[in-house]
Amino acid sequence: MAKLFSRPEALADQPTHYCPGCTHGVIHRLVAEVIDELGIRGRTVGIAPVGCAVLAYNYFTFDFQEAAHGRAPAMATGIKRVRPDLIVFTYQGDGDLASIGMGEIVHAANRGEKFTTIFVNNAIYGMTGGQMAPTTMPGQRTTTSPFGRNTEESGMPIRIAELLASLATPGYISRQTVIKPKYIKKAKQAIKKAFTYQLEDKCFSLVEVVSTCPTNWGLTPVEAVKWAEDTMLPYYPLGDFKTPENN
Amino acid sequence: MGKVLMKGNEAIAEAAIRAGCLNYFAYPITPQSEVAEYLSRRMPEVGGVFLQGESEVAVSYMIFGAAAAGARVFTTSSSPGISLMSEGVSYIIGAQCPAVFVNIMRGGPGLGGILPSQADYNQATRGIGHGDGHLLVLAPASVQEAVEMVMQAFPLAEKYRNPVMVLGDGLIGQMMEPVEFPDHLKTEPSDKDDWATTGMDTRKSDKRNLVRSLFLDPVQLNENNLALKRKYEQMKKEEVRFEQYNTDSDYKVLIVSYGTMSRVCKTAIDMLGEQGFAVGLVRPLTVFPFPEEAVNKAAAKKGCEAVLSVEMSMGQMVDDIERSVRGSCPVHWYGKCGGEVPTPEEVIEAVKQLM
Amino acid sequence: MQSEVMFAGFGGQGILLIGKILAHAAMEEGFEVAWIPSYGPEMRGGTAYCTVVISDRPIGSPIIKNPLHLVAMNRPSLEKFAPAVKPNGVILVNSSLIDIDCGRQDVDELRVPVVDIAQKIGNPRAANIVALAAFVARSRIVSIDTLKKCVEHEFQKKAKLIPLNLKAVEEGVKAAG
């Protein structure tokens, strides 16, 4: 009998600590599948963020470094500059990348550092307990915006993909989601494209993945998917915002 | 190769290359920007890496990433920049990676000034960042010594898998003196395949390497901190370096001073000798680990009535000296910390007040 | 034996450069040297200065309050530093720009119109080299041959400036009498 489904070699045989309905597990799997398909596990170095994915290194089977909050792109820069032959990716959430690490990601993208960033946007700080993020939606209640995000005080949510796509330096910038099976194939294609550009030594690449956080949103997993689809996707449209070809 | 006349900052830059370090990340700050300027030209000539980062914070993590990937790597900065790097240094210490940091100190706190200072003594000797950590800290008093210490810093960092700092001041960076780059201080980087993220294919291994400072298990974290402590105890046994000057004389006053300030003290001691006053000097070459025993013995010598810490900081070294002297005689302080280097005459005046 | 030379003038007069050339020459002759740039409160107000310490043994304090010699390229630096010079030192005064004397009886004051001389040989920017050469000739702190070698070395990357600057050395030596 043919084997149709198995665990990617790049993914550890290890139950994750993520909450029910969280999409980190799906995204981890997509990254692992892409790494397997490209045959690059032996030359890949991942960089874990601070946030829910702080322990991501436990779920992959290749070299990993653990960064400080927001600094993963600087570490990736350090690795890539001294070892351009390694395949390097950062895996970051929205508090990590879009708040404390905004400086590092913008400058790494603008220098055209040839690594890949997987940016998981679930509109909230997860690990620290559901505080407001730069990507939190207007009116969205969090533990530090108990009356809903007030855009008069906190501004509008930051669209990272659009912001980085506006840089003049060539790059691959895409936004995808994995909240329903119908989106997953495209998300994987984008992640594969991102790693492929790196393999070709072409450009910086980033895939933003719109995700859910049922726990901190105070919703069931099913409600969370609906909320993401109805509230986030209209504000965070999907697609490729920039490729090195159409720069 | 014979002696060449070089500015301290440029000599430090060249020393790193001669030591076999071809990777440099930095952010400009006075009074050490010549290091970056020099290496922006020189690294391409030797096939090395030069990158100007977007901030000292980012640079400290470029250093971390590169070190964790097994590269020999260094950066240079000055006081306010080192404060920004302190975050990354703490992670590098926790993750046990080797790296070299050069601090060409200027006055503080805050923006302070751009002139020579030794006001980062406590910061440098107490581990810089958060958590239980230390750097091994070498303090040069001349451009030649800065060259040698930079070259020695790399193998030391690798021996201990711990950051090493070369702690100079603005004068060391800005002054020109003749230097040589001793060939015997060129070293091969150590093999890092047993821990660094060099890539499994590179090291032909199925075992992946993980570099981290996160240990959520309290027992594991305690063990990591004990491992760090063991390294610092080993440094105290094996790496203490100091120089003694005029300590064979029958001195009543012992000076403890390091770096640029110690040179001024030597001149003051010579001048005092001509006037018939004997004064001894212990000069720490490592300020962490501090030469406790040497200071203790020199202070306990018969006839020694007072110890004077002479520093371009407001008595930061006094704690270490008092800890070493262990009460055998009183410890006094003289110094300036605004950017002026005290003159030998001023040091003489301070010494005479103790006589 | 240790001697200290302070070079002082406006920024842009090539003060730091002639200090460096002297330090290089002294090093070539086997001395210990240190070159310390404007790095004190004195650097304010557009004044540039540097000190070169030359010694037959390791140099202690590089911070010199009272230099043995002074090369003053403008009036403010002469007024400021001349009183600090040790007795019996040389004070070179750029008389093209300075119309007062150094006010000291216990030093060897050498007045040379270094800008006029440099202009005569084709480029007023060589005034600093004229001053350095005149000072070296009078103080004999290093030999003129070594000085020439070091001037050539300094301009090796701008070789077309070498003849001008060697001429400046000769004229400076001549002016020192």
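We just call them A, B and C in the order they show up, numbering each chain from 1.
Note that a residue touches a chain if its C-beta (ideal position, glycine included) is under 8 Å from a C-beta of that chain, and two chains touch if they have at least 3 such contacts.
For clarity, every value in this text was computed on a predicted model and none was experimentally measured.
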Taking each chain's C-alpha mean as its centre, the one farthest from chain C: A
Centre-most chain [mean C-alpha coordinates]: B
Separation of chain A from chain B, taking each centre as the mean of its C-alpha atoms, in whole Å: 39
Intercentroid distance (Cα basis), chain C paired with chain A, Å: 63
Inter-centroid spacing, chain C versus chain B (mean Cα positions, whole Å): 35
Of all residues in chain C, those that touch chain B in their complex: 20, 23-24, 27, 32-37, 39-41, 59-63, 65
Chain B-touching residues of chain A, taken from the complex the two chains share: 41-45, 47-48, 54-55, 57, 61-68, 71, 74-79, 81-83, 85-86, 103-104, 107
Residue numbers on chain B that touch chain A, as the complex places them: 23, 25, 49, 51, 53-55, 57-71, 73, 87-88, 91, 95, 197-202, 208-214
Residues of chain B that touch chain C when the two form their complex: 3, 5, 31, 115-116, 170-171, 174-178, 260, 263-264, 266-268, 270, 339-345
